[in-house]
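The following pair of complexes shares a single chain, chain A, combined with chain B in the former and chain C in the latter.
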Partner chain A sequence: MSIVLAAVTGLLFATGAWLLMQRRLTRIIIGIGLLGHGANLLLITAGGSGGRPPIIGTGDVATMADPLPQALALTAIVITFGVTAFLLALGYRSWQITGDDMVEDDIEDRFVTRRRAVDGPEAELVDGEPDTTEFEVGEGS
Partner chain B sequence: MLALILLLHFALGAAIVAAGDRVNRRGFAVAALAPVATLAWLLPRLGDLIAGGSGGTAYTQRIEWVAGLDLTLDLRVDAFAAVMLLLVSGIGLAVCVYALGYFSSPKAGVARLAGLLTMFAGAMTGLVTSDHLLALFVFWELTSVTSYALIGNDDRSPKARDAALQAILITGAGGLVMLSGLVMLGQTVGTYRLSELATVFAGQEQSGALITVAVLLVLVGAFTKSAQWPFSGWLPGAMVAPTPISTYLHAATMVKAGVYLVARLAPILYPLGVWRPVLLVVGAVTMIFGGWRALRQVDLKVLLAHGTVSQLGFLMMVFGAGTYDLAQAAVILILGHGAFKAALFMVVGVIDHQAHTRDIRRIAALGPGWRTVQVTAVLAAASMAGLPPLVGFIGKEKALLAAADGYLTGGAWAVTGAMVVGSVLTFAYSGRFVLGVLGRMTDRNVIDDDHPLVDGDAPAPTAMFVAPGAVLAGLSLLAGVAPAVIDPLVRAATTALHPDASPKAVVLWAGFNIALWLSLGVIAVGSALMVWRSRVTALQNRVHTPISVLPTAEQSFWALVKGALRNAKRTTRIVQNGSLQVYLMVILGVASLTFVIPVIGAVDSSTPVLDSWLHLPVMGIVVLAALGAAMVKRRIASALMLGAVGYGMAGFFVIQGAPDLALTQFAIETLATVLFVLVLRVLPREFEDRLPGVFAPIRLAVAALVGIGVFVFALGASQARDDVAAPSISAEMLERSVPDGKGSNVVNVILVDFRGFDTLGEITVLLVAGLGVVALARVARRTTVAPAGVSRSPVVDASVRVLFASIGVLSLYFLFAGHNQPGGGFVGGLTAGAAISLVFVAGGLPSVRSLLPVPAWVVLGGGLVVAVVTAIAPIVLGGAVLEHALFEAGLPLLGTVKATSALPFDIGVYLVVVGLVLMAYEAFGQEPEEFTTEEQHLEGARS
Partner chain C sequence: MIGAGVPTSGMEALVALPIVLPMLGAALAVVAGAWRRLQRLITLVTLTGVLGVSIALLVEADSAGYLVQSAGGWGAPLGIALVVDRLAGIMLVVSSIVLLAVAIYAIGQAGEERRRVAFHPMYLVLAAGVSASFITGDLFNLFVAFEMMLAASYVLITLGGRPDQVRSGMSYVVISLVASTLFISVLALLYAATGTVNMAELSQRLGDLSPELRTGFSLVLLVVFGIKAGLFPLFFWLPDSYPTAPGPVTAIFAGLLTKVGVYAIIRTQTLLFEPGETMGTVLLWVAGATMVVGVIGAIAQDDMKRVLAFHIISQIGYMILGLGLFTVAGIAGSVFYVIHHIVVKTALFLVTGLVDRRAGSSRLSEVGGLVHSAPVIAGLFLVPALSLAGLPPFSGFLAKFALVDAGVEAGSWWIVATSLAVGLFTVFSMTKIWAGVFWGEADEAPERDPQMTGRLGSPLPMVAGTVVLVVVSVGFSIAAGALYELSERAAQDLLDPAGYVSAVLGERP
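What follows is the complex of A and B.
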């Protein structure tokens, strides 16, 4: 890890986050792509410095790069591809329905805050004296 | 055995609730089985538990659950737990019998009450027999939940709902506070077992701030449960429950939970500086305030409710002091209180049932046949007032004597004084209760046609209805006259709490001592309060008028609830406003702050600026392309920039010594770029941003925060791996790759062997993604897909044929060589995907479809099937999942061929990736003129 690599990782995350907070699904997808790259860079650099390819028989094992972060990053790359394809399908569907790829506000969420909440004891709403019996007249006995 | 009884309570309760109105009031007869079972278990064991009053052997039962995590259910019954069990099951049985009389006519929801009551009794039984603090907490919360359901059983009454809500909010919140206290206590002391707490704690430094805080938190829980001031508001409110339920919950069980916990902890924790002041002050205030308020009531049941609050304060004081003398008094009092308070509640219920009122101003005379009820009321009230020869007198005498005799250092006289004042008030409200029942408190002003006077015309209750209360009152008298009956149990229970105590015998007449004089004083002053009761009432009203300006506990509680709801609404309006962008800003902002702060300390200032000069060009590409992707206005340009970032990353992987990654990244970027182009061609060329301007700076700030956070995190994280002393797992993977994984490409061996499960999961995700892509994109496709209008250029066609063949061969090479050389199923599959892209560019979707004889989803699903079969095949052969074997075979022409069973697994991976690519083309590959939005489609259908 070097400061330059850490800074590039930070930049990839920052630009990814910036795009993620946009209203256009296309930009959000590209943002997720950038975040994916940032994550892979973080995985590889946090896993130690580079070295020779980790293929047994091609040289001294001690000089080889760490294979584990590589395997993890490889998995991450492929999964990001799957996610990107899926999000693109979402964008495509959004276009089919609205002719656009705008992420609209959730109207239901707005309604939630308009709903009247219970503001206190319900019994206040019912007038009358406090009951001093649990029985109606003529009941029980 | 005890665990079975616990189980019986919950099973029986659930069965009665399920039977519902079909069994109706008979549910209580069934419910009685549970306390009977407890008693049948407990009574034969009492001898062992008591062992002549000197503390016998405790009964223990352990049920292992998860042995590895030390999760066990430990039940332990000593003499004190036996006292509690006697209350829970004895009064439980009485209540069940009583309820049969009380619910004389069938009424909806009665069976549910019986079932819930049984479950509640089970929770209470568990609470007093748990030896583990966390198990105790679980049962504690179970009592809160079941009591909530019991109080709110009449769900159509707003009052019942309010009372239930108030009860569960106060006791539930108290329970959670207590949980944090219990965990702190368990962690600092080092044990969660009540039976070990004393020994472990005794050997420790006892003045830590942590333990003080822990104890205060636990006490908040106990105070809320036992309705101590200022948490007492819920108990009188809970009187909306039917009287049998009130009898059980608030005379004998629920509220005793807090007292029980204090009783258990006091002998251990009283040396702590905060313990005695807090308990004695809170107890004294509760005792006096409760008594004062009881004296003002006209409703017999509410009077008893406030009386219970007062008595609980008294019990808190005597148990909380932590001396064995007072504890002995407390054991007598808790038994006595259970008996007399239950009897009194039952009397109130009988009167209410027969005369339809509990208002003492409306009772002039009950009528003939009420003698037993009146005697019961007088006896039980006398025990409450502390009159000889009842058990309440013995308990109170003992408490006053122990308090006044100087067993307490310092404020002994203040404590005694508080007890005396509280006792005077208790005497007075006991008298008020008796006078009310006997018809001496009538007030003509409240009598009208709707509220007639009860004047000797109340029908006499049946014997069965009166019996439970009468028996309990009789027991109060018996224990008073012949204290030897309870003496062994009381002394054993005291010893169970204070192992080194030598409690004196329980006697009615203890000689002329200070307690006797104090008692006589209490009786004299209390009687005076009764004789001049109209003046007392006037005084109370005068004092109460200025006080009533202050909010009551009830009002404060609801103000708090209202405030919380208002704030929740306000917060929701800001945070949950429906905008995804705002949600993300909040999430990203909070997340980056939380993971930055802990890492800042780990940042190593000696981190080099640059590892290798080779990084500069590739990182330069990445930076420029990333900034470009974030800023350009055109969609396609932005997607291409993203591709450029990917190519830069691939270059970086080459430098770092990760050829597999580089190959994967190259292939994927190519594919992804094609997909982007396919989708973006239908969308407008440019973004036009509609986000309001104010958000832009905030977005920028949040994005910057995320970037800085990750930067700091990356610097810290790089250190983390070097700091680990243990040998890296990767070293072992390098070492065992060839012997165990039969391959020399370690990355590939990890993917198909060491972490093969991971890969299996991953290709499943890819399969789902592929299905999702097609499902989403083609949900509105038209029935006929016209391949018409694809213009094919012969030159492109020919070159694609050549390229496709060679790239196809390359992809197969990657697949087969991958175990020992850079490559593998992922890389191979993606390369094949790139070849398919070429075909698509040349001939569109029809050409892609004609490549293979089977549809895309067969490839996708077939791949997963191949991988799964390879993974589980070794089981059939007697190996472990994903265990791979090496095969060698001499084939004609090819010579010796080595293959491992990892190959079919990798083929599965390969097929899934190819299938995903094919699916993507199925989804997005239609020609633009075939596209319609749904609106256009509908218009087309209409015209």
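What follows is the complex of A and C.
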């Protein structure tokens, strides 16, 4: 059972990390969600094997499940839920402003890059996806 | 079993108040949303109350050693222990001074604070999260405290919803979430390995694990808190996101939030893990790289806020330097540096807010000659800037001197040399800001119209908030002796975790 859980945790972490590297906000947000699930699953797995409901006075303590990781996971889930909701709202606001869900470049970075482009020949900047064209050096937008 | 093992003085009842008061205040401030004056009054009264409680706690913790309170009456290790020791007490007092001063400043700034109902409640939640991070004696509770602080900071950093805020806020939120996920994961692994998340109990049980496993845990925790603190190479998000928030918010982020990360590093590395040669070397290298990269990054910048944001990073290096030495003098220097830095950095960002308002921009190329047109602002900049640069007789000099002295004593010459060289570059950056903003003429027209109010050049509360912090920072250099001795006592506690453990678990060592 815990082999399956460990494998699922690994899969969630891998998928989440991959989505996090993308340049689209929606994918990043889904990636964050998956990472959160992976971490919560890890918390549950940390509690060891399952057992009977942990209610005092209903039987042998040794056969009961460990309630603490469940409580911790519940707390973590609530927090992840709230923050994901905020992130979605922020993503929606970003879409309202730019009409696109790409992560934009930092304006100050662009200033510095432009200054460097004036000083000398500038190498082609490597980008994750070919359709991300806003980082045009030397265009003087 | 409240505070079992240590003599109870009744002061334990106060331990939870720095968390409870701001939360109550936040709830009241939401209810009072329609009445701005009432909202402000609630914020000021709450933060003044927290300051009073914090001072009482520090005085008591300094005489009793540890104040322990179990949340809900469930004794440690089952319940959540709230612990105030000397370090937590010092941090509480300094953070509540800064929070109060910035609240006064924010009230004077006719911007975000007036238009948005959310400012005051979120500010108080942030205060509660910061206090909770200092007080908690439970690693999972530290995660919750971090999240409380971060959730409030997400709202504050994007308050206004401007395009640049949304862009930088997004990266800030994503980076923080990645750090939080890593934190939960390491908590899960720690629980699986030791069966507890209580810091005192962890301190006992981690010793049973293999050294490799311990080093692994200690490094992952260093990464988690390093992202928050802005350590090399995890600092990249910081200069992008901090400067876009409204002035007072940037000030409180710059002054407090990264230092909460530093506090967590100091706490976990001393309490949970045996200070070792290897970890010390890692910390010293990280400290050196953080100092150098931060200070060099600052040189390329043209915006006053961004210069200062890069300087946060380089200053974090100094704090980690003292910790990496793992001597009483080193950690005492770190603690002294942290309290000096919180006040001075916040003051500098508040002054940047004043410059931004007065001149219509905080870019060095768009502002000039403020020493003639706004001498009050120039004076308010000069004191914390010289202090940050480490010139005598200001608190920054004393803090750096303490660290250099500790480094020489420990025989780590290269880190001492690095820190002194970085100090020179810091002077250079401060000179650059002074020459760009206060002397000379502006090269380009500012992006917004300059605003001029009254004789001081700015609204009275804004100046008053800044003055409070400048005076406090000068006070630090006057009371440096007593303050350093206090830091030294805190450092001795930190290097002897047995006291903490027995205070929380109620066992005599």
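Note that in this section the second predicted complex is superposed on the first by the 104 of 141 C-alpha atoms of A that agree within 3 Å, B and C clash if a C-alpha of one lies under 4 Å from a C-alpha of the other, contacts with A are read in each partner's own complex, and residues count from 1 in each chain.
By definition in this document, a residue touches a chain if its C-beta (ideal position, glycine included) is under 8 Å from a C-beta of that chain, and two chains touch if they have at least 3 such contacts.
Quantities reported herein were computed from a predicted structural model and do not represent experimental measurements.
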Q.
According to the stated criteria, A:Leu90 is in contact with first (chain B), second (chain C), both, or neither; which is it?
A. both
Q) Of chain B and chain C, which one touches more residues of chain A? A) B
Q.
Tell me the contact category for A:Ile79 with respect to chain B and chain C: first, second, both or neither.
A. both
Q | Touching partner for A:Ala46 - first (chain B), second (chain C), both, neither | A | both
(Q) Touch test for A:Ala6: chain B only (first), chain C only (second), both, or neither? (A) first
Q: Indicate the residue numbers of chain A shared between its chain B interface and its chain C interface, in ascending order.
A: 20, 38, 40, 42, 45-48, 68, 75, 79, 82-83, 86, 90-91, 93, 97-98, 103, 106-109, 112
Q) Can you list the residues on chain C that touch chain A in the complex? A) 140, 143-144, 147, 150-151, 154-155, 158, 161, 163-164, 166-171, 173-174, 177-178, 180-181, 184-185, 187-189, 191-192, 197, 239-240, 300-303, 306
Q) Which positions of chain A touch chain C when the two form their complex? A) 20, 25, 28, 32, 35-36, 38-40, 42-43, 45-48, 68-69, 72, 75-76, 79, 82-83, 86-87, 90-91, 93-94, 97-98, 103-104, 106-109, 111-112
**Q.** Residue ranges of chain A in contact with chain B within the complex
**A.** 1-15, 17-24, 26-27, 30-31, 33-34, 37-38, 40-42, 44-57, 61, 64-68, 70-71, 73-75, 77-86, 88-93, 95-103, 105-110, 112-113, 117-123, 125-126, 130-137, 139-141
